[in-house]
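Shared chain: chain A. Partners: chain B in the first complex, chain C in the second.
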Partner chain A sequence: MSLKHRLSAVNWLPIAAATLVACILLSLLSSSFMSYTNLQSVLVQASVTAIMAIGMTFIIVTAGIDISVGAILFFTSSLFAKLMMDTGSYTLAFACALLCATVLGALNGVLIIKYKITPLITTLATYTMYRGMAIHLTGAQNIPVPREMGFLGNGKLLSIPVPILLLAVVLAVGLYLFNATRFGLYARAIGNSAQSARESNLPVNKVTVFAYALGGITTGIAALILLARVGGLQSGIGIGIEFTVIAAVVLGGTKLSGGDGTIVGSVIGAIFLVLIDNGLNLMNASPYVYDIVKGSVLLIAVVIDKVSVTRQQQHLLNQRAARIRATG
Partner chain B sequence: MKHLLYRVRQLLSLAVLCCVSALANADAIKLGLSVDQLFESRVGVLNAIKSEAQKQGFEIIEVVADGDPQAQNSQIQSLVTQKVDAILVCAVDQNTIERALLGAKRKGIPIVAFDRALPDSRAVDAFVGPDSITDGYLAGQYTAQQLAQIDGNIQVLELLGALNDQNGIDRSKGFNDAIAELPNVEVIAMPTDWDSARALAATQNAFQANPDIKAVFAATDTHIPSVETVLYDIAKLHPVGSDQHVVVTGVNGSNDGYQATLRGNADGIVVMDLHTTGVTAVQLAAALINGESVELNNVIPGNFYTTSNIEANKANIWGAQ
Partner chain C sequence: MDRALTQNPQAPTEKARWHSWIKQYPAAPIIVVLLVAFSTLSPYFLTAGNIESVLIANSVIMLGAIGMTMVFLTGGIDLSISTVISASAVIAGIVMAQTDSISLGIATALATGLAFGALNGFLIGYCKLNPFITTMGTQLVARGIAFLLSQGIAVKGTPFGLMDFSFAVVLGLPAVSIITLVITMLFIVLLGYTSWGREVLLLGSNRSAARYSGINTARTELSVYLLAGGLAGIAGLISIINLGNAIPGVGDTLLLIIIGGVVLGGTSMTGGEGSVMRTVLGVAILAILTSGLNLLGIPFYDQLIIQGVLIFVGNGLAQHLSRRR
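Right, the complex of A and B next:
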């Protein structure tokens, strides 16, 4: 296989190239962009979305989707803040928040499997339910979290910001699960064809529920980082983040139709989205152009992705046709 | 048989009770309360509305749209079919609910908008809410006074609210009007969409590009902890009175703003009077139901409290209760 074809098989390459181009452009437009501090803060800012995007990749690869992650984030943060306020116990608050996030994620998977309702409708319903639960739990009040918790969002270990370290750990686990385990393989097989996966006796139900549970736990970790960074619970937390997360995953090279995906691409996708905001902030752009620029960049990225997929498919078809001609 | 008669008697008593309570409720004035979504300051206004309604013997039917304008449209239509005597509305989006409001108007139901003005609405009979221009102006005036002695170009970071939110727009206008009194001032405006995570990122990026920013104005003081985080990270979190202090102000009156001002990290906050807003909304509705004429615009300016007087005024700050 030629280098060109080998490269075209790496599905996160387009977003990596786009990120590189964006970095070059931004470093030309703003002198402070390429500083170590700014690049570090870009990674810290991207950590929440990137961690959630890793979990979402497993879900989308199974041809699913979870739009309730924003609500899971809100509920997890609410539960943590409430438990901290009422009990003062970090251990209890951390354990309960992460457990709850995992259970809520898994519940989505169970509902989808058991009642065979489309993931979009199921998670739309649970989005409303989880948000309602969070508002009921806190009475829509803001709850500050203890100052020491800030370590999780703003602290450093060995001079590296904690959110970046947590992202690295989640990325390593995600890569291992996706590329080196049967779970990763089965998840892709289910995404390609759930029917064939069932006929091959693959544990479709278990794998699907586990994928949604992974989405839940990564959202739980992200929620705690976000809570620590912002300094307290606010009832608007997590609104709309599901779309940013899904955009990061799709931009990264994971197909919404399932079956094919990339963990590295999702993380780069999240970084790319933060870069746009960062660049506009650094250039002191007018507040009114943000959505136009972000929308346009997303549209261009999606079109490029579509074109590259079509070319890839065309190339495979040409290869197959050539083989048939050769044997004929 | 005896048991059956006993059950029948129980059922009849229950039916009579239901009828009596329905008749009693039919006499009570019913206020339809249509809310955009629930968050801390909104809950503060709602509590004041409910408490005043209870005082006046009114019944409240509350519906929450959770940020969905279409849902709010349907909810208002449902309030009309429930024959409420007046509607108190805090709109998600003026244009989407206008038809439902006009429908209510045609049925003779008075409409009071609260917290979010609906300036172009043909249906609203009265509005009560914050005087956001004055609120922003108070924060801007204080900031301008603090920075008046600085020579040369002065950079000020403004963390905007949602760009389509009238309160956010007005706070920004008021702040900019006041700060414009300073010569050579440059306002760096960053959108946050009322999201503290975005406010945090925007503040980080703004200080990265403009390390000499002298003041920060937050359209909502719930963003002040994010500002504190960034200032701490870049070793610029110095208390009020220190030479290197960055002036921080905000509007709202939340506990976040109160605590930051109390610590001396923020200079002051403009506190909205949520209680008066809620009480006035019910009083306006009552007057309209009685056929009295009322003022169309009823604005309630906030009070600006600084590090020197915020503790003494704790009772007036809704978030500190």
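Right, the complex of A and C next:
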């Protein structure tokens, strides 16, 4: 295997290169960009999306999708804030919030395998439901969370910001599950062909539900960080974040068609999106330009990906043709 | 089965016809139930005023849903329809505020929609990109353009002629609903009774078969997204007529309702299965539900829960009906 081959097998390399280029451009734009504190704040800003993107990667790898993550995020934040306000018990609030996020995620998976409706429609319906449930729970109030909660969002442990530590933990667990467990292998198998996976007696239903539950729990963790960073429950929390998360995963190098993906890529994808924000911010761009730039970046990325895939396929075909000619 | 045929040849055919009809329109029984329930619960439900306001409020959704139906029929999805509605509204609104010309406004709204549709169609049809991620990109771009050009606030200065139009009544119906009705019928004919419509359906049900039977799949796909964009453009203009101003966030909340309406009507997202008529019924379900629940004083967040549950119930019912032969 040549170096070129080995490198092309690392599917998060393109996004890593793009991120590196973005970093260089930004450090040319602003001398303060490459400072330790600024890089730290980039990671902190990216942590919420990145943690959710890790969960979403598992879902997309099974050829699924979860549009409802923004609503799960909102529901978890609402439940946590409400429980904190009513009972004042951190243990109860944390346990309930994380459990609830996992259950809501798992419910998506259960509904998808039970009703056999496409994941997109299923999670679109649950998106509506979860958001309605969340507002029902709080009565559309804005609820502040206690000051100490800020530790999760802005605090430091061993001089490293807590969100970055949490991201590192989730990343480690995600990498382990994805690369070193049967679950990760089965998830990829289901994404390649659910039919074949079923016919080879893989526990398709169990793995699917588990993947969506993972999406739920990562969203729960992200919700708590976001809530701590914002300082309280606001009605707009989580609106549109599903698209940012999916964009991070796709930019990272995971295919929406499922079958293979990269956890590291998804995290870098989330960081890349924050860098775009950062750059536009440095250039004093109108906040409304952000959407246009992000959308264009996404389109360009998909086009580039398509071109490279087509070229790879052509290369493989040529190789095969050459082999056949050599033997014949 | 044999005995049934010999004993009573008339009954099974009658039953079969009923079955195939109900399979075609799984939304119909839900509509009947909702209509009966709401008209008994609220005396205002079946009044002319309420029906009129429901028709007006849902014209934008209906136009978006027709576009989404076509896209679904090809096995794709267009997430950008909602924000293209916003972008067309804002651009047309600005043009009309500057020139005070309604015809120029109509032209720009249509052109904006068609431009986004062409972009989607080119990338998906000719570049063979994934429809979900492509339209997610154009969704962001359209949203950004709508907010950037309007600076996030409603565009004022709509010509008075257009405002007057919102009160116009043709044949006892609001003019806006007449436009929607005409466009809906046009697309029922286009999809149901032309060779183009059959091409779209074949494309969705079996892409390679479509290609091998000589259909230019890329061109057909482009035409579908183009028309969906154009419809979103018209919907944007109608949103100005209905609301009085061009609002940059007007489409943001519509995406879920549009997709929900199409799915509830029984058009499959995997392609090849569905029709505009089904979508009319699906949109009607959500319209009736919203109006009825509003009249009953149910808060909007509980309506969201009910809408979500209804999508499962509707789908479950459709599957149940189609399995029972």
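A few comments on the model shown:
Basically, the second predicted complex is superposed on the first by the 325 of 328 C-alpha atoms of A that agree within 3 Å, B and C clash if a C-alpha of one lies under 4 Å from a C-alpha of the other, contacts with A are read in each partner's own complex, and residues count from 1 in each chain.
Methods note: a contact is a pair of C-beta atoms (placed from the backbone, for glycine too) under 8 Å apart; a residue touches a chain by one contact, two chains touch by 3 or more.
Remember, it's a predicted structure, so these values are computed and weren't measured experimentally.
Chain B and chain C, once both complexes are superposed via chain A, clash. In the superposed model, A:Ser193 lies in contact with neither chain B nor chain C. In the overlay built on the shared chain, the residue A:Ser27 is in contact with neither chain B nor chain C.
Contact with both chain B and chain C is seen for A:Arg131 once the two complexes are overlaid on the shared chain.
Of the two partner chains, chain B and chain C are each touched by A:Ala140. Judged by the touch definition given at the top, the superposed model places A:Asn205 against neither chain B nor chain C.
With both structures placed on the common chain, the touch criterion links A:Thr37 to chain B but leaves chain C unconnected.
Touch criterion met: A:Tyr288 reaches chain B and chain C at once.
Superposing the two complexes on chain A places one region of chain B into the space of chain C, and among 76-84, 256-264 or 310-318 that region is 76-84. Shared contact residues on chain A (touching chain B in one structure, chain C in the other): 128, 131, 135, 140, 286, 288, 290. Contact residues on chain C toward chain A in their complex (touch as defined above): 77, 123, 127-130, 132-134, 136-145, 147-148, 151-152, 256, 259-260, 263, 269-270, 299-309, 311-312, 315-316, 319. Residue ranges of chain A in contact with chain B, taken from their complex: 30, 32, 35, 37-38, 41, 45, 48, 128, 131, 135, 139-142, 144, 150, 153-154, 226, 229-232, 234-237, 239, 274, 277-278, 281-284, 286-288, 290. Contact residues on chain B toward chain A in their complex (touch as defined above): 38-40, 42-43, 66-67, 160, 163, 188-191, 194-198, 200-202, 204-206, 208-210, 222, 225-226, 228-229, 232-233, 254-256, 259, 319.
Touching chain C in their complex are the following residues of chain A: 65, 111, 115-118, 120-122, 124-136, 140, 243, 246-247, 250, 256-257, 286, 288-296, 298-299, 302-303, 306.
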